[in-house]
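Following this line, the structures themselves.
Same chain, two partners: chain A is paired with chain B first, then with chain C.
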Partner chain A sequence: MLARSTLRLAAQPPALGAAPAGARNMATLREIELRLKSVRNIEKITKSMKMIASTKLNKAQRAMQAGKQYGVANSEVFQHAPAEDPAKRKLFIVISSDKGLCGGIHSSVTKATRRIFADTESSVESDSPIMVIGDKSKAQLSRALGKNLVMSFNQIGRDIPTFADAAGVADLIIKSDVKYDSIAIVYNKFVSAISYESAVMEVETEEALKNSPGFKAYEMEEEVTKDLAEFALANAVYAALVEGHACEQSARRNAMDNASKNASDMIGKLQMQYNRGRQASITNELVDIITGASAL
Partner chain B sequence: MSVGSCDRLTLELIAADGLQVAMSALRLVSSAARRAPRSFATGRRGYAEAADKIKLSLVLPHQAIFTSTEVVQVNLPAATGDMGILANHVPTIEPLRAGVVEVLEPGNAAKKWFVSGGFATVHPNNMLTINAVEAAPLEDFSAEAVRANLQEAQRVAGGNGSEEDKMEARVEADVYEAIQHALSAR
Partner chain C sequence: MSSATWRNVFTYNKYTQIAARALRQSLNESERVQAEKRGLTILRYQNWENGVGGPQTHLVPPVEKEIKQGVV
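Let's turn to the complex of A and B:
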């Protein structure tokens, strides 16, 4: 008597229904078995994705170091020649990527962009154009600020971004007829291997540079300013792309690491459940046999 | 001016005049010797006596060759002509054509890189930033490959492709010719 009631109590926690007969236990056991197999597969996949992201992260970090120096040297001119009046019509370039499973990378940049637009103190016009690199952010932004989306780019960021990618993007931006007073690049800044944060990089246009008082200190030929502005835009896009890529790899590694940990926790719990269920069904059968035998 | 010759000078002074003059001369000279670099490459067209340096940042997208390193002189292939940048140069912005950038570091021999193009900016705070798209030391180029690629580019430039392709090929041919010129001038 006591044994059966304790058995029933033990069968309750799995919440798969108190199984009075051995047959029901076998079915739920099979369910647990199936679940175990699928979670084990998931754990293998997430572990291998974590390994891949780790190796990619090393390469990406090295490229990011060089790219950051490149961006710093590029923005030196803008520090000496800041724009006179704050820009009213800013072109936002949102840097993200096409692939998922990387934690909050895409929503981080999207949220930062939405915050800038929602901030009533900033002098940004509400119909400022937005260009997006990366399908994931494009999907998020088209829901929030859909009417501001002007152009989008994809298939960038599959591997470490090259200067050719950035130059192509800058070329298309310049060739388009979008009007803007200055450019703000929204990207993810690499803080450490386990954290990142969204940041904005400002790039001045040709007119802003020409009107800046600090810029007049520089000696140059006449037409150089336009080339300088275009080159500076390509450089800034490259620096942001390469840093965003490194952030994405680190976020993916952390996300897959967490997923593997969760999966192995789940495997442990399911295994316990399975063992308990198996022992319960065996004990049930034994009890049946024994009571049957003792009734004879 | 090395310290050895200073000692000789002071010995002569001791012999000629009084001890006091020699002692002050020795103090002055040894402090000057401490300030100036011990070795100075002779035979170099150096207008800066290695005392004034300019901070150079020569960066490529995939590699930072110099980051705020103090150098004596930088020779650039600007689009308007070759120019040399010394310390406290007037702020300038120059687009670079395909050519050789030569960097003179204090104490070391000059190093040369062939750059494909970019921008060189001298800032008001005695800083020179060069953003180049591609650069490589001259030793890394193979004359054979350059010659073969130059022929290919000239063929495309003279062929019957689209106007864009022909212009790209012409730019390519210019770059290869510049490399050949740089390699032969080495």
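Let's turn to the complex of A and C:
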């Protein structure tokens, strides 16, 4: 009878989660070790990405200073010859890039575009065409405003954008059969090395320039006006591309910097946990040995 | 000079790109290498209809590098 009760006691499954104490510590120690190794690798990767992004940022900033002058010279003509009536059908060009891991660059530009469309005060037609540069924004916009998407471009932004890129984009826009009264370029404006904000650049079309009263003062011929409109579009796209590229590099550097800091915090915490666990298991083993020895 | 007829064929941007390419190819060796980088573009584009994208096409088709046969 007593034997049966002891057998029953021994046959009872152990309480949930109460594995033998030494074995559990070993299992979690192994887990912590693995996590520590992988977080260390991640920290190395994010640190190197940060280094690369900060060297690229220097180059990109210099190119941006030069490229912005094109945009400034452009807008001077449009300031002296503003369009008479507000544009009804705007073509939106959204500037972002193909690569990720750069913080909120792509969503900032996408959100700005969606805000313009959702804003009922502005006189933007709901079927205004959109063209996107960059795969990341293309994916976001094709989900949100997919019907308005007309053309998309990629492979820009691997290196500093060239005027050849901007001229190619402008040519494709002009040759496509898209109808518009004016063009709005949505891009990220470089505020400082740690912050950026989305902005819109307006470009006028040839007809808007011709009908504008201030433009008569320039006394241009017909054909040259068409040239000016095309060149102005390429200029504006170039300025926006270069500034967007600089914003992307700075955002990537900041994001990788934060990631490295978080990773090193995690490494510190995990290291503490690991040491405590190791010392606890050693202490347990010592206690077992000593009680075993004292029982003899 | 007769009035230019290139405007019927291509845009002013294409005109400047052609002129720039001619200028870059006429530079001396070291300057040419620097300037060639400014003329590079690997742009790809695709047309969209009703939320569906078409095929992606290169603006400037990449030059296929021929595999050199080993010299015996």
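Just a few scattered comments:
Note that in this section the second predicted complex is superposed on the first by the 276 of 296 C-alpha atoms of A that agree within 3 Å, B and C clash if a C-alpha of one lies under 4 Å from a C-alpha of the other, contacts with A are read in each partner's own complex, and residues count from 1 in each chain.
Basically, contacts are C-beta pairs under 8 Å (C-beta built on N, C-alpha and C of every residue); 3 or more make two chains touch, one makes a residue touch a chain.
Here the structure is a predicted model, which means the values were calculated and not measured.
After overlaying the two complexes on the shared chain, residue contacts for A:Phe117 are found with neither chain B nor chain C.
Legend: residue contacts after superposition of the two complexes on their common chain; A:Phe231 is shown touching both chain B and chain C.
Within the superposed three-chain model, A:Phe92 lies out of touch with both chain B and chain C [touch as defined at top]. By the touch criterion defined above, A:Tyr70 lies against chain B but remains apart from chain C after alignment on the C-alpha atoms of chain A. Contacts of A:Tyr196 after superposition on the shared chain: neither chain B nor chain C is touched.
When the two structures are aligned on the shared chain, A:Glu221 is found in touch with chain B, with no touch to chain C.
In the superposed pair of complexes, A:Gln155 makes contact with chain C only, with no contact to chain B. In the superposition on chain A, contact of A:Gly168 is made with chain C only, not with chain B.
In the superposition on chain A, no contact is made by A:Phe78 with either chain B or chain C.
In the superposition on chain A, the residues of chain A contacting both chain B and chain C are 162-163, 227, 231.
Chain A contributes residues 142, 146-147, 149-156, 158, 162-165, 167-172, 174-176, 223, 226-227, 230-231, 234 to its touches with chain C in the complex. Chain C makes touch with chain A in their complex at residues 4, 7, 10-14, 16-17, 37-48, 50-51, 53, 56, 59-60. Those residues of chain B that touch chain A in the shared complex are 57, 59-64, 67, 79-80, 90-95, 118-119, 121-125, 127, 129-131, 133. If you check the complex, the residues on chain A that touch chain B are 63, 65-67, 69-70, 72-74, 76-77, 80, 162-163, 166, 217-221, 224, 227-228, 231, 235, 238, 242.
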